[in-house]
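By letter and in written order, the chains are A, B and C; residue numbering begins at 1 in each of them.
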Amino acid sequence: MIELQGLEKRYGDSFAVRDLNLVFAEGELTALLGPSGCGKTTTLRMINRLIEPTGGRVLLRGQDTHTLKPETLRRGIGYVIQQIGLFPHLNVAQNVATVPDLLGRPARDTERRVDELLDLVGLSPAEYRFKKPAELSGGQAQRVGVARALAADPPVLLMDEPFGALDPLARDKLQDAFRDIQRRLKKTVIMVTHDIDEALRLADRIALMNAGELAQFGTPDDLIHRPASDFVRQFLGEDAALRQLAGRRAADFAHPGDPAGLPTVDAQLDARSALGIMLREGADALAVTQAGESIGILRWSDLQTIPMQPPISIRDEVT
Amino acid sequence: MSKPTPTGAGGNRPSAPLLSVTKNAVRGDVPQVLVLAALPLLAGAALPWVLLRPNRLAPGEYLRLPPALLALMLVLALLPLLAARFLPRLTWLAAGLAVVAVFWVVGLQTRCALVGQAEFARASAAAGVWLSGLGALIAVYGAGLLLVGRQKLLAWAWVPAVLALVWAGHLSGWSVLVEARNEGPRWVQELAQHLRLVGTALGLSTLIGVPLAVWAAGRERVAVAVLGLANAIQTLPSLALLGLLIAPLSALSNAFPALRAAGISGIGVAPALTAMTLYALLPILRNGVVALRGVPAGAVDAARGMGMTGRQIFWRVQVPLALPVWLTGIRQAAVLLVGVASVAALIGAGGLGTYIFKGLQSAAADLILLGAVPAALLAIGVDAALRGLEVWLGRRFGRVG
Amino acid sequence: MTSSSLTAARTGRRRWPWGVLLWPSLLLLCLIPGVLPRLLAPLNLGELTAFDPPLWRLTLTHLGLVALATGVVLGLGVPLAVAVTRPGRVALRQLAETLVGLGQTVPTFAILALAVPALGFGWKPTLLGLIVYGLVPVVSNGIAGLQSVDTSALDAARGMGMTGRQRLLRVELPLALPVLLAGVRTSTVYNVGTATVGAALGAGGLGEPIINGLSQQNTALVLVGAVLSALLALSLDAVLGLFAPRT
């Protein structure tokens, strides 16, 4: 879907981004991960040409973005900027409606869409529609920023630390909600973050950057179990595997099997806690239950590989 | 938007940095200013430069530049731009040349025009001169932006050159200077009178305004009232205010003939000075109150906590912190006064305004220029000088205001 | 824009600010023939004969000059402020700021008088002076307002694919508007005062009684002009204040 070929940005004598080659697959969420100042924002902004590269090119569905008018390109790509950047003179609804307006969508549809999106990011439309950005908390503003990027239903979303200003609880909720939206709508998302947990939790693939260059590109599993360098290992930390489990539900790992005599865990419990229960109980398998009924069993060995999609479909309670 | 150079996937990237940005690179935006300067210069060259009249009031004929001078002015119009492009370090010279050339050509053309004319004939500058002069000054400004630090002085190199032209008598045919020569010592007197009026009024209003501001700043009610009054009076026309302030004086002198004998009446220097003093009092008082009240309460508290006395707090904390804003008020007052003093001629107080009103009454443009241009330059000079003083004082107090 | 439908609700209806009418009604009262002379008579400051032209004509001339100047100032000043605040035009902006500073420093009377040789006597040089002088607050406030627009909002606008023109119309100008309007207000109110000086150039207006009064030493006459121009200034200030956004 989006392909970076030898992408480079140079400021004076120093490189902000250097020889970056990456393919972001359609419908996947890729995290751009790395320490502060490693060039994540620069990379993201070169994709929608807010920054013009000094070398290399960006292909969008095989087409060089350089052949497109920047405005046209940007209107088809949702963008959540790091500083939120709501328009202070417009209210929440008007902020969210900006891109549909630019695209000339009918006002009535847009109005409905605005309410839908506000609901989606957990802000009650009735209460927040007419508030001005100055009346919002940092986290609320950030959610409006996410809604605004989604408003025109773009197939591609670029997000620069979209959940940075939220408290851990709200962040977890919004992250879950967002992952569901993304899975359901099959958006291609590139999300900048320096939060490892966030990347492990949300991303299908992670591009780990260091000092402007790509350190490793792969699934969270690849990075954890097959780190390409010491930097990757150190950046993720020795407990990366555990942190990865913390971001998944026990149900994601469950397989059909006989639950008889096994300690039970709830399907919504995170996998790390499930592992803790195995250690405590001295068991090497657990029965996974949902609403009292067994939906499968979870073995010790199942936890060693993270499934991309849950093998067993479960009823979704988090939205 | 600069286009990226597509190098293709994994294309060779240069290992050595490309041309590094030179430290003294030409500011890319200065040529815009030089283009803006070239436009009036080009237009001015094509317009008439001299208005020749048989005497100072009669209608006259407009004279254009001869081809050779026209060509010269056209070349000089474009020279700063070309210099900025190819020899950026000499842009100031090209722009300065344009200014000097304007004066030189005015001198040359007025003298040529007067050859064979009667004694009362006048040759004055026409639209072309004013436009070209404006363009040349903009070019000088643009050139100044290319200079840094001490070099900035080079942008003023044209001033001594122009003064030398005047000194050498090259401009003696220009009607404004003819008037100036005729007026001679009287003009100097009026200038001195203008300065005296401004200086006295500023001195008096500072003497009154400073203690008054200190007194008012400490009293909540008074301070609010003072600020409200000052803001309301700001909306009043200065001319009207001058008139209004004179009213009580003239009423007094009407009532007490003794006062009139002492020189206090509705016209003359005394009412003008009174009015000007009161007028200048406003910015000094307002900025003083604002500045003193703007001193952070924390700083005063800390000083009190250290055991400073009230007097020490005032001199060591409040005054240094309030000074920059206060000085700005005094500067505003001074600039205002230069303007008000030129209107004061209307009530017989003298000053440069005398020439403006004389010129307006007799429809003599040269006389107006003789009063208005020096008044404008005086205001700019006073503003610059007081700004300099502010910076200097700011440095002495350890920070730049 | 959907904005119309989205803003309609909530804002509610503003209460009509009756206070605004105070100054204009006082002004109208003073313009009724005979009212001002009668009010000033007890002060015993001077003779007030019948006015020719009548006071309301002088006031209208005055207002017309100021309004015309404000119109031209808006037409010139706003595009100018926009033009010099586009990216890559720092030098032009510095030039504009310097010129504005000069306009503030040079005495009004000198500006007006300097326009006479170019335009002759009457309302023309006065109008030119008013325009030059009126441009100062509009351009400087316009530049300040446009410069203070939050860069992250602009960045977001660019990221959404707004063109330069859309950014200007939808983000920059609305955000700069309060400061810009304050500049327009200052410009208009000060120009009421400046226009009185125009009477010295034969522009007519409310400066005429002031100048006549000063030269004839008739304080009552001065007072008539001063009161009326002050009332005009306060009226315009109040009316323009209606456009100022509430905070």
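Everything that follows uses one rule, which is that a contact is a pair of C-beta atoms (placed from the backbone, for glycine too) under 8 Å apart; a residue touches a chain by one contact, two chains touch by 3 or more.
Only a predicted model underlies this, so the values are computations on that prediction, with no experimental measurement involved.
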### Query
Hey, which chain is the most central one here, using CA centres?
C
### Query
What is the chain whose Cα centre is as far as it gets from that of chain B?
A
### Query
In whole angstrom, how far does the Cα centroid of chain A sit from the Cα centroid of chain C?
53
### Summary
Distance in whole angstrom between the CA centres of chain B and chain C is 22
### Message
How many angstrom lie between the centres of chain A and chain B, each centre taken as the mean Cα position?
### Response
60
### Task
Among the residues of chain A, pick out those that touch two or more other chains and give their numbers.
70
### Task
Mind listing the chain C positions that touch chain A in their complex?
1-7, 9-10, 150, 152-163, 166, 170-171, 174-175
### chain C to chain B touching residues, read off their complex
45, 88-92, 94-95, 98, 102, 105-111, 113-114, 116-118, 121, 189-190, 192-197, 200-201, 207, 210-211, 213-215, 217, 219, 222-223, 225-226, 229-230, 233-234, 237
### Query
Can you name the residues of chain B that touch chain C in the complex?
27-30, 32-33, 36, 127, 130, 138, 141-142, 145, 235-244, 246-247, 250-251, 266-267, 335, 338-340, 342-343, 346-347, 353, 356-357, 359-360, 363, 365, 368-369, 371-373, 375-376, 379-380, 383
### Query
Touching chain C in the complex: which residues of chain A?
45, 48, 50, 70-77, 79, 81, 83-91, 93-94, 97-102, 107, 110-111, 114, 129-130, 145, 148
